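Chain lettering (A, B, C and D) follows the sequence in which the chains are written, and residue indices restart at 1 in each chain.
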Amino acid sequence: MSKYDQLKKEAYDANMQLPKLGLVLFTFGNVSVVDRANQVFAIKPSGVPYEELSPEKMVIVDFDANVIEGALRPSSDTKTHAVLYKHWTSIGSIVHTHSTYATAWAQAQRDIPIFGTTHADHTTAFIPCAPPMSDEMIKGDYETETGFQILNCFKEKALDPVETEMMLVGNHAPFTWGKNAHKAVYNAAVLEEVARMAYLTLQINPQAPVLKDALIKKHFERKHGPDSYYGQ
Amino acid sequence: MSKYDQLKKEAYDANMQLPKLGLVLFTFGNVSVVDRANQVFAIKPSGVPYEELSPEKMVIVDFDANVIEGALRPSSDTKTHAVLYKHWTSIGSIVHTHSTYATAWAQAQRDIPIFGTTHADHTTAFIPCAPPMSDEMIKGDYETETGFQILNCFKEKALDPVETEMMLVGNHAPFTWGKNAHKAVYNAAVLEEVARMAYLTLQINPQAPVLKDALIKKHFERKHGPDSYYGQ
Amino acid sequence: MSKYDQLKKEAYDANMQLPKLGLVLFTFGNVSVVDRANQVFAIKPSGVPYEELSPEKMVIVDFDANVIEGALRPSSDTKTHAVLYKHWTSIGSIVHTHSTYATAWAQAQRDIPIFGTTHADHTTAFIPCAPPMSDEMIKGDYETETGFQILNCFKEKALDPVETEMMLVGNHAPFTWGKNAHKAVYNAAVLEEVARMAYLTLQINPQAPVLKDALIKKHFERKHGPDSYYGQ
Amino acid sequence: MSKYDQLKKEAYDANMQLPKLGLVLFTFGNVSVVDRANQVFAIKPSGVPYEELSPEKMVIVDFDANVIEGALRPSSDTKTHAVLYKHWTSIGSIVHTHSTYATAWAQAQRDIPIFGTTHADHTTAFIPCAPPMSDEMIKGDYETETGFQILNCFKEKALDPVETEMMLVGNHAPFTWGKNAHKAVYNAAVLEEVARMAYLTLQINPQAPVLKDALIKKHFERKHGPDSYYGQ
C-alpha cells in the first residue's frame, strides 16, 4: 500500500491506452500524471514493454526528477515532464509518443497549419514545432533542456498551454498534455490525426489555404468558449 | 416505452457502424434517421463516446431542431441535419464524419474528380466540395447555415441529392445520406474509399484523365438505371 | 445435393478470403472457380454481402454466361470471367477486386513498372494496364467486351497468361487468376502489395530505375523456372 | 529429441513474430538464429505459410549452408544468412522481410537519411542501401553473392554491424540482425517505422535537414553508450 496507489493506477491506465490507440511501437512513448498536492507525478518506467507494465511498476518522481517511490528507473524523458509540471501549473498529465505522422512533421521541422475544423476544434493555433536545440543544450542536461525548449517555444509564439495542448519538438517527436490523463491521451490521438490530415491536404493541394479566422474562432468556441455547446 | 423506440434503435445501430468501419476517431461523427410521418429524426447525443451509447440515449428532434424527446443534448451538428431533412424530402438518413481522406479533400477545397468505376458506380458527378461560408454565415446560426451551404452547393452545380448522396463541406468534412440508415452509412464508407483512391491516382499520375462519359453512364446505370442488373 | 457442391465450396472459401486479406470493401469483388470437365464455373452472386454468403449461394454458369444452377443472379462481372475461361484454357480461377492501390494504378492508366524482386518473384513483365474501351464497346455488351479488352491487352503486349497472372483494366480495377483459387487469391494480394510498393518507390525516387534484366530473370526462375528452388 | 530443439524453438518463435508485427505478406520473410558453439543456425523452411509452421519444421544449417538436420528445404535465402554468420561473428540472429516501406526505399535505391531521434536511437548512420549486383554475381551463386554484397556495403561505408543492425539490398528488400532473435526482429520493426517516417518527412518537406551531429550522438549514447540511461 502507498498513498500513491491511485495515482499509479491512473498513470498505468493511461499508458496502456497508447498501444490501443496505435500511437506507439514497442516502448516509444510514455504518460505521466501529476499529484499537485504532493508535488509529484507518476510516470512509466524506462524501456519496459507495455505488456509487462502494471500499476505497481509506475515510478513516483518529484518536480526535480528525484525518484520518490518505485523500484524501477523512470522514463528517460522524466526530466522533460518535470520541467513542464513545474512551470505549467495548470496541467495534470503529459503524453510523449513517436506517433508516425506527428513525428514526420517534427522531422520536417514544420508547424502544422490549421487547414480544417478538426484542428480548430482543439486549438486556434498552428501546432508549433520547436526548433532543434543548440549543441550546448544537447550536450548539457538534455532532457531538462528539452523541457525548456518547449516552454520557450510557447513563450516566443505567445501560446497558452491551456488553449494549445499539443506541440512538436523539432527532429524528435510530439508532446501533448491536458487537465487529466484522459485528456492528454485524447490529445495525443487527435494530434496524430490532425497531422495525418494536414499531410494529405498538402499532397492534394500544395496551395491549400488555411482556415478563415471566423471559422477558427467559431469552432474553438463551440467546444471551449464560455457559450460552448458541444458535449453534455 | 416511446413511439420512437424503433427509430432510436435504427439510429443507434447506424451510429455504432461508424467506428466499426474506421470512419470516426472518438466522437468525430454522427448519424441521424428520419421519421417522415412524424416529422422528426433521431440523432446521436453530443460528445458521448460510442462505447457509452445506447438506443435510449438517442435524441428525437423536429425539423426546426427542437428536442422532442431525450435527456441529452443532441449533436452540435443537429441544425445541419434538420435543414437537409426539411428541404430534401426524399432522404431518410444523414451521416457526418471526419473520415481521414474525405476530410483531406475538404480541407484542400477540391471536388473529387471521377477517376474510375468505383466512383461511377455511385454517382456520375465529381463529389462536390462546398466553398467556405462567408464570415456573416459563420458568425450567425452556423450549423443552420452549414445546411444551406450544402443545399446551395447542390443547386449551383445542378446536382440531385437522390443521384449524388455525398459531398464535402470545404475546410470541414464530409456529409452523406441515403434513403435509409444502411445506405447513408454505406455511402460514408464508399466516399472515404473513393477519396483515398482519387488521392493515390493523382500521386501516381498528376495528369490522370477523368472517366469517359460512356463509361460513367454505363457504370451508374448498371447499378441504378431502369435496366440495372447489379444485385438481387 | 448437386454435382457442383465441391466447386461451390471452393468458390465460397476463396470469396471469403477477400475481406480477410483486406482486398474488398462491402461487395466490391468476386472470385470464380472453373470446372473444366463440365465447362462451367462457380461465381459469387451479385451484390450479396460477404457475411451473408454460403456455399449454396454460389452460382454455376457456363462459358457463355448462362446460369446452369443457382437461385441468385451471378456477379455483374460474370461475362468477363466467362470470356477469360473460354479463351485462356489453362486458368482455373479468376479474382476481381477494387483493392485500393491496384485500382489507383488502373485509374492512373499506367502499367506498374518492375522496381524490385517482390514483383520479379511473380512476373518478369510490367503489370499491364489495358486502355479504356471505345464508346462502342462500352455501350455494347460491356462485360463481355471487358473480357476481350483483357485478351487484347495480353495479345498486343505479347504476354502469356500463365507467366503473368495479374493485370489492370484502365479506369476500372484489377483482375488476377491462377491454376486454382488459392493461387488466384494469392495473386490478388500480391498485386495489391506490389502496387503499393511501386507507388511508394516513385514517391521516394521519381527517377527510380527498373530492375536489371539479370535480376528479373534470376528471381522469376528461382520461383518458377525448371530449376526453381523456392518452396518444398 | 535433438540437441537443437531449443534453437529451433527460438527460431520458430521469432518467425511467428513477423506476421504479428505486420512485417510479412504470406511467406515473404524469414528469421534465423545461430548456435555459435556448434557453428549452425536454425532457419525457416522455404515457402511454408506461417500458420503451418512448427518448431520441428525449422531447418538446421551450417555456415556453408549444408543442411544438418530437418526434413524440409531451408529458406531460399539461406546462403545469404550463412555468409553473414560466417563473417560477422558477433551477430546472433538475422531477419529478412519485404516490409512495405523499407522495401520501397530499397527499390528507390536510396539510403534512408537520419531525420530524427527515432532513427538516432538505433544507429548514428544513414540506413545503407547496397547497390544492385553485377550481372556476373546475379548469374552466379546469387544468394551467396547477396551476402557478400551486404558485407562489401558495410566495408565501403566503414559501418560496424554491431552499431548499425539494419540495411537495404537495392531493388530487393531489408535485412536486419542483432545479438539475439528478439533484437533482430525488433530491428526489423524499427526499420520499417523509420523508413515510413523518413518517407513522410520528405513528402512534407523535401528540403528537410538531417539531424545535427550533437543530437545524433546524444540519442545513440542515451541508449547504447557506456553511460546509457535508457531501460532498466
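List of remarks:
One rule holds in what follows: a contact is a pair of C-beta atoms (placed from the backbone, for glycine too) under 8 Å apart; a residue touches a chain by one contact, two chains touch by 3 or more.
Here is each chain with its UniProt name: A, B, C, D = L-ribulose-5-phosphate 4-epimerase.
Just so we're clear, the structure is a prediction, and the values are computed from it rather than from any experiment.
When the partners of subunit B are compared with those of subunit C, no chain appears in both lists. Fewest steps needed to get from subunit B to subunit D, stepping only to touching chains, is 2. Copies subunit A and subunit B of the same sequence differ by a rotation of 90 degrees once their CA atoms are superposed, given in steps of 5. When every chain is reduced to the mean of its CA atoms, the largest separation from subunit D belongs to B. Under half of the residue numbers found at the subunit C and subunit D interface occur in both copies, marking it as a different-residue contact. Chain centres here are Cα averages; for subunit A and subunit D they lie 33 Å apart. Per-chain CA centroids place subunit A at a distance of 46 Å from subunit C. Looking at subunit D, residues 203 sit in touch with two or more other chains.
Taken as a contact graph, the chains are arranged in a single closed ring, with each chain touching exactly two others. All chain pairs that touch, listed by label, are A-B, A-D, B-C, C-D.
On subunit D, the positions that touch subunit A within their shared complex are 115-118, 186, 189-190, 193, 196-198, 200-201, 203-205, 208-209, 211-212, 214-215, 218, 222, 229-232. Considering their complex, residues 25-26, 28, 45-48, 72-73, 76, 98, 100-101, 103-110, 132-133, 135, 138-139, 142, 171-173, 199, 202-203 of subunit A touch subunit D.
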